[in-house]
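Shared between the two complexes below is chain A, which pairs with chain B and chain C, respectively.
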Partner chain A sequence: MNGDRLRRFAAEALGIVVAFALAIAVGMVLVLLLSAEPGHALYALLIQPLTSAFYFGNVLERAIPLIFAGLSVAVSFQARQFNIGAEGAIYIGALFGTLIALYATFLPGPVHQLAVFIAAIIGGALVGWLPGWLKARFGANEVVSTLMLNTIAIKFTSYLLSDPIRDKSSGYTQTVTLPDQVLLARILPPSRLHTGLFIALLAVVVTYGFLYRTTIGYEIRMVGINPRFAAYGGIDHRRAIVLAFVVSGILAGLGGIVEVVGIHQKLIENFSPGYGFDGLLVAIIARLHPLAVPFAAFFYAYLRAGAAIMERESDIPQEMVSVIQVILILFITAEALMSFFRKRMNRRTEHAR
Partner chain B sequence: MLLEMRGITKTYDGGVQANRDVSFSVRAGEIHALVGENGAGKSTLMKILFGLEPMDAGEIIYKGQKVRIQSPEQALEMGIGMVHQHFMLIPSLTVAENIVLGHEPRLGGGRFDFARAVRITRELSEQYGLSVNPQARIEEISVGARQRVEILKALYRGAELLILDEPTAVLTPKETNDLFVSLKQLIDRGHTIIFITHKLQEVIAISDRVTVMRQGRTVGTMNTADTTKEAISRLMVGRDVLLRVAKPPAKPGKPVLVTNDLRAKSDKGNEILKGISLTVHAGEIVGIAGVEGNGQSEFVEILTGLRRATGGQVKIGGQDVTNWPPKDIRRLGVGHVPEDRHVHGSAGLASIAENLILDRYDQPPFAGQGLARFIIRPKAIRSFARELIDRFDIRAENELVPAGALSGGNLQKVIIAREFVKQPQLLIAAQPTRGVDIGAIEFIHQEIVRQRDNGAAVLLISADLQEVLALSDRLVVFYEGEIVAEFTDTAHLTEEEVGYYMLGAWRDRTQKGESK
Partner chain C sequence: MLADILAVFNLGLIFMALRVTTPILFAALGGVISEQAGVVNVALEGLMLFSALIGLFVGVTFQSPWLGLLGAIVASLLLSLVFAFVTQTLKADEVVVGIAINVFAVGFTVFLMQEFGGDKGSYNPAHPVALPNVPIPWLNGVPGLGMIVNGPNGQGLNVMTYLSLLSVPLLTFFLYRTVFGLRLRSVGESPLAAASVGIRVIRMKYYAILLTGIFTGMAGAFMSMAYVNMFLRNMTAGRGFIALAAVLLGARKPWGTFLAALLFGFAEAISNMAQSLRLPSQLVTMFPYAVTIITLTWFSVRDYRRRQRREAAL
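After this line comes the complex of A and B, so read on.
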C-alpha cells in the first residue's frame, strides 16, 4: 500500500513536471519570436543559473522565503481558508524579530538569536490569529480582513522605519546592521545563500508532521475536506480554523525574519517583493502538500533568477518570466481540473488508439 | 434485442476491476431489473452505457448497430437517458429550469424563454403522469418530486431507454408505488427501462426480467415470473440470505434516552418539533416511522448536538445534555449513523482510515498520552482500520483508499463500522441500510440487534417501513413534528396501518399494546 501512495505521488509529480515543461516551451517560443539573439536569451534563462556557484546560490537564496510563504498558504488552504495574509505576517515577523535583535543585546549570543526567532513566531502568530478569530467568531470574510491587515502591517513597518528605529546615519529607511550574533552564516559565497535554507527545510518537515501526524492537523484537514463531517464528529471547527491561521502566520513570520537575518542583515522598508503572494502560487503548484512545497519553490526561484540574468545579458526583459509564470499557473490549475475530468482524458486517449 | 453489451471490462485508475467480461442485454419495451451486492459493478456498467466511463474492452450493440458511446451527450442523442444514484439537480433553480438546462428554449435574441420552459415541463409532466410544480425551486420540493424531475429531464432530452440507478432508495413506500405506476405508463408508451435496486420485492413487483451481478460479473438473467426472491438473493450473495430478521424478544432495562417536551424550529423558522416526549431503554430498539420531513431529522440533530432545541430537555444516561456540543455527547457513548452518508457521514477526499477514526483520533492508541497526546500514530490507525475493514466486510483495496471512491454501500459500511465498534450506550441509526445490498442489510440488521442485546438503547429512523417494522421492539409515528401513535407490540402491525398514521389520516386512535 506504500506502493499505492507512491504511485499516486508519482502521478501528481508527473503532472506538475509536464505543466512546467509546457510553460517553459511556450516561453521559449515567445523568446524565439521576440529576440534578435534567441539562443543567447534562452541560455541565460535556462542554463546560466546552473553555471556558477554564485548563480546557483542566487536560486536557492530566493527559494527560502518562497518555501516559508508556500507552507504558510498550504496550511490555511488545507483548512479551506482563503487566507492571503502571508505578506503581512512576513513583515510583522521580521519587525518583531528585528526589535529583539536591536534592543535585547544584553542576551548571550545563541540565546539572543533564539529570542529573535521566537519574537518573529509571536509576531506571525498574532497577525495570523486576528483574521482567524474574526472569521471563526463573526464569520468575517478572511480575504478582505487579511488584505487589509497586509496593508496595515506593511505601513506600520514603514512608519517605524521612517523614524523610531531608523538608522539615522544612513540615507535610507532601514535599521542599522543587526548584531553579528543574530545573523545567519553565509554558506556559498559570493552568493548570499545562508543557513536559513536548513531552517526552511526543517519547517517543511515540521509542517508536514503538523498536518499529517498531529490531532490538530487532522482536525484542520477534516474541516477543510468536509466541515459538516467534522462538526458531526465533534471537531471544534472554530478552534481548527483559528489554529490554521495561527500556524500559517507563524510560518510566514519566520520567513520574514529569516530573510532579514539571512539576506539583508537589517530591516529594510518594503524588503519583500511580494513573497506572500508568490507563496499562493507556490502552494497551488505544490497542490497544498508541504513536502512538494520546496520543489515548487525551487522551480519558481529558478525561473526568477534566470529571468534576472536574461534581462542583464540579452534583449528580453524580466517580465517575460511573468508571462511564463502565468502560463504555468494556468497549466497547473488546468491540470488540477484535469484530474476531475480524467475520465474525459481517458476517453480521448482510448479514441486515439 | 434493443441493447446488447458484450464482454464489457473495466478497471478503474486505482486498480479496482469493476466489470469483468460482462454481458447484458435488454429487450425493447421491458423493465429490466439489475441487482447485485454493493460494489458488484452495476453503476459502473450503466455509466459505461451512458458514456460517463470509458470501457477497457467489450462492445455495445444498440438497435442492431455497433456503437461507440463516449459522452452522455452522445448517449442522449441515441435515446439513452440516465437518472443517477445521487441527484444532479441544481437546488437554487426551478424545476422547469432544471429540466431544460442544456437545451433551453430561447426567445429572439437568445434570451432564455422561461414561460416556454414552464409550458414544456407542464406538458411533459401531464403526458407521462409525473406530477411536478414547474415553478418550484428544487430545494423546496420533496425527494420523490426531485426524482420525477430527473426522469422528466431525461425524457425531455429524448430518452427511449431509461436507466434508473437505485431510484427507490430514497423514496417512501407511497412514493415508490407512484413511481411504479409512472414506469408502467412509460412502458405503455414504448419506452424501455433498466432499473437498479437492492429491494427484491421491487424486482418481483415491477420487472419483466432480472440480471444478477456478482463481483464484477453477470451471474444470470432470468424471467422474473420464473424466479423467487430467495433464488435471486442466493445468486447475488452466493449463499442463502435471511430475508427476515432473527430477533429474540427484547429485555428492556433502565431508561437511557429521555426527551421531555422537546421543541425546535426548522432552518426556515417554523416549528418543526412540537413537544416530543420519548424514552428509549437499554436493550430495546425504538423505531420512528414517518414520511421524511416530519421532524425526524431535526429530532436526531438535537439529540446529537447538531441543532439547538428551543424548548424541552434531553437526558442521556441520567445526565441533562440539552444543547451540549456534539463532542461531549459522543463522549457519553452515543453512536450516530447519519441519514446522509455524503453530507455528514464521510469526508470523501480523506482515506477510509481517516474516516474511521473521526471520534477517537485524539485518544489512545491513536494518539499518545501526556505530552504526546497531540501526536497521531499512523500504525495504530492503519491496523485499526484494517481490522474494521475485515470485520465489517468493507470491499476496498486497502485502508488508504479515499472514502469517496467506495461504492455507496461500502461507504455506508465504513460509517456503520465507526459508530458500532465503540459499543455505544445509545445508538441512533438514521436510514442505516439506505442503498445497501441485501447481504449487507442482513449484516447491519444483525449488528443492530446485537448492539441491543449487549445493552444498548437503539433509536432507529427509517423511511423503509418494512425495516422499522421488522427491527423495532416499540414503534412511534412522527407526523408534523408530533408523535401521533405509539405501538408496543410491533409483531402484529401491518404496513397499511402505520401508513395511515404517517400520512396524518389517523391520529391517536391506537391504544398501547393493541392495533386498533
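After this line comes the complex of A and C, so read on.
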C-alpha cells in the first residue's frame, strides 16, 4: 500500500519535473532566438533571483499572494467547482480590511489588526458565498458568475478609491498609508518580504487540515471525486459546494489584505495584477494539493521575479515568461502525458518484481 | 438630470448598441458551436485578443484590412488548434486550458508589442487599416431606420456588423439543417450514441473548436480594425467572458444567443453614453456585468423551476 502510494507520487513528480524542464527549455530557445545577448538574459532570468538576499526576498514576497490564491482555487477545484472568483475576493477582502484599518482606529493595536483580518475574511466569504449559493441552489454557471463578480468587485473598489476613501493629497487613486499598528513587519529589508509569509504558510497547514482531516473537508473532496457516490453516502452536496466557495473566498480575501498591509501599506487601485488567475495556474501546478501549493507558488514567483530582472538587464520583455507558464500548464494538465509517466513507472516496478 | 438620462434612449443608441454587440456576437456564436459539440470553450477571450493583434500586424504589413481579417482568423485557428490538441487529444481539462490560453494571450500580446512595436501599452501603427463601414444612404428616407443603420453622422454600420448579423441565420441553418450540423450536435448531446453510429467524436470536436476559432478571429479583427484602428493592451476587456454568458443565456442556440448578445450590447452602449452624464464611470461600466449575473440567475431559476415541475409531474 505504502509502496503503491510512493510509486504514484514518484510518477506524478517525474511528470511534473519533465514538464518544468520542457517549459524552461522552450523559454531558453525563445531567448536564444530573440536576444542579442542571450547568455546575459538567461542569467538574469534563471540565476539572478537566487544570487542575493534582496532578490530572494523579492521572490518570496511575490510568492505570498500566490500561495493564498493557489489555496483558494485548490479548495473549490477539489469540489470540482470551476470557481474563478479569487480575483474578486482578493479585492473585496482588501477593501473590507482597509475600511476597518482606516476607520476603526479607536481599537487598541493588536485588536485593530485582528479586526482588519476578520473584516477581510468576511469580505472574501461574502464574495465566495454568492456564486456558490447560486450554483448549489439553482445551478447557475459558476465560471460566468465568478468572472462577472471579479469585474464588479474591481470596479467597485476603484469607485471607492476614486473619491470616497481616496487620499486627496495624493495624485494616485489610493488611500492614505494605513496606521502602523495594522501593518505587517518587514523581515528581510531592503526587500519588502514581510511576516505575511508566515500567515500564508499557516493558511497552507490549516487548509490541508480542513480538506484532509475534517468531515466537511472530506465531503468537499467526495463531491469533487464522485458527486453521485457522495449523494448516495448521504453527503449534503449543496452544503459542501457552498462551503467550498466560502472557504475559497476567505483564503483569497486574506491574500488580498495581507498584500495590502504587508507590501503596499495602503489600498491602491488595481493593486492585484491578476493574482486570482495566477492562483489558478499555481493550483494546477500543485495538482490541487494544499501542501504542494507553496512550492508551486515559489516556482511561479521565481519565474516572475527573474523575468522582471531580465527585463531591466536585457532586451527581453518580462511577458516572455507567459509562454513558459502556459507551456508548463498545458503539459501538466495533459492527462495523456501524465498517464504515460504513470504507465512507465508501473512497468518498471513490474519488471523489478 | 432625468431629461439627460432619458436623452440616452434614442435611435442612435440602437446604432451604437449594434456596433458594440458585434465582437460579443461573433465570439458568442463561436461559443455556440463549441457548446453544441459539448466543448466548454473559456478561451474565447484569449483567442479574440490574440487574433486582434496578429490581424492588425498582418493588415498593416500588407496595407489591406481584408488580409488583416484573414490573418486574424488564421491566428485564432492556430491557437484553437493548440486548445483542441491539448484538450481533446491529450485530454486536459477544458476550463483550465481555456484560462491558461487567456493568461497566455494577455502576456504574449504585450510581449509581441514590446518586441516589434517597442511599446507595452499599445500598438498604434503609423498607417492603420480599417474594415470599411457600409452606409446605406437610400434608407435615410425611412424614418427611424436611417438613424439605426447609418448612425447620427451617416457613417453606416461596419461591414463586420452586417456579417455578424448575417451569421445568426447562417449558423442556425448549418446547425439544424445540414448533416454536418446534426453530427456536431449529436456529439455534444450524447458522445457514446454518436460514436455508436460511426461518428468520430474527437474529430467532430476538433472541427467545432476550429469553427469557433473562425468566429473569434472575426471578433478580434473587428476590435483592432473597426472598433478602433489600433491594438491596446488587454483591449478585449472581458468581452469573451460576456460572450460566454450570452451563450448560456441563449440556451446554446444561435437566435437566443443573438438576443442575449444584443442585451449586453445595449448595456454597454448605455454605459458608454451615460459616462458623458457625469455619473461615476466605474459604477456605470459595472452595469453590463451586473446585468449578466442577474439574467444568468434569472434563467437558472427558471430552468430550475421547470425541472422541478417536470419531476413533480412524474
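Observations
Methods note: the second predicted complex is superposed on the first by the 328 of 353 C-alpha atoms of A that agree within 3 Å, B and C clash if a C-alpha of one lies under 4 Å from a C-alpha of the other, contacts with A are read in each partner's own complex, and residues count from 1 in each chain.
Here, contacts are C-beta pairs under 8 Å (C-beta built on N, C-alpha and C of every residue); 3 or more make two chains touch, one makes a residue touch a chain.
Predicted model only: the values in this text are computed from it and were never measured.
Of the two partner chains placed by the overlay, neither chain B nor chain C lies in contact with A:205. By the touch criterion defined above, A:17 reaches neither chain B nor chain C.
Once the two complexes are overlaid on the shared chain, A:277 sits against chain C while remaining clear of chain B. Judged by the touch definition given at the top, the superposed model places A:319 against chain C, while chain B stays out of reach. Look at A:32: by the touch rule set out above, it reaches neither chain B nor chain C. Contacts of A:231 after superposition on the shared chain: chain B is touched, whereas chain C is not. In the superposition on chain A, the chain among chain B and chain C reaching more residues of chain A is C. Residue ranges on chain C touching chain A, taken from their complex, read 40, 42, 82, 86, 89-93, 95-97, 99-104, 106-108, 110-111, 114-115, 120, 238, 241, 244-245, 248, 280, 282-283, 285-286, 289-290, 292-293, 296-297, 300-301, 303-304. The touching residues of chain B, when paired with chain A in their complex, are 13-14, 52-54, 70-71, 304-306, 325-331, 336, 338, 343-350, 354, 357-359, 361-362, 367, 373-376, 378, 397-400. On the chain A side of its complex with chain B, the touching residues are 1, 4-5, 212-218, 221-222, 225-226, 228-236, 342-344, 346-347, 350-351.
Listed in rising order, the residues of chain A touching chain C in the complex are 34, 82, 84, 134, 137-141, 143-145, 147-149, 151-152, 155-156, 158-159, 162-163, 274, 277-278, 280-281, 284, 317, 319-323, 325-326, 329-330, 333-337.
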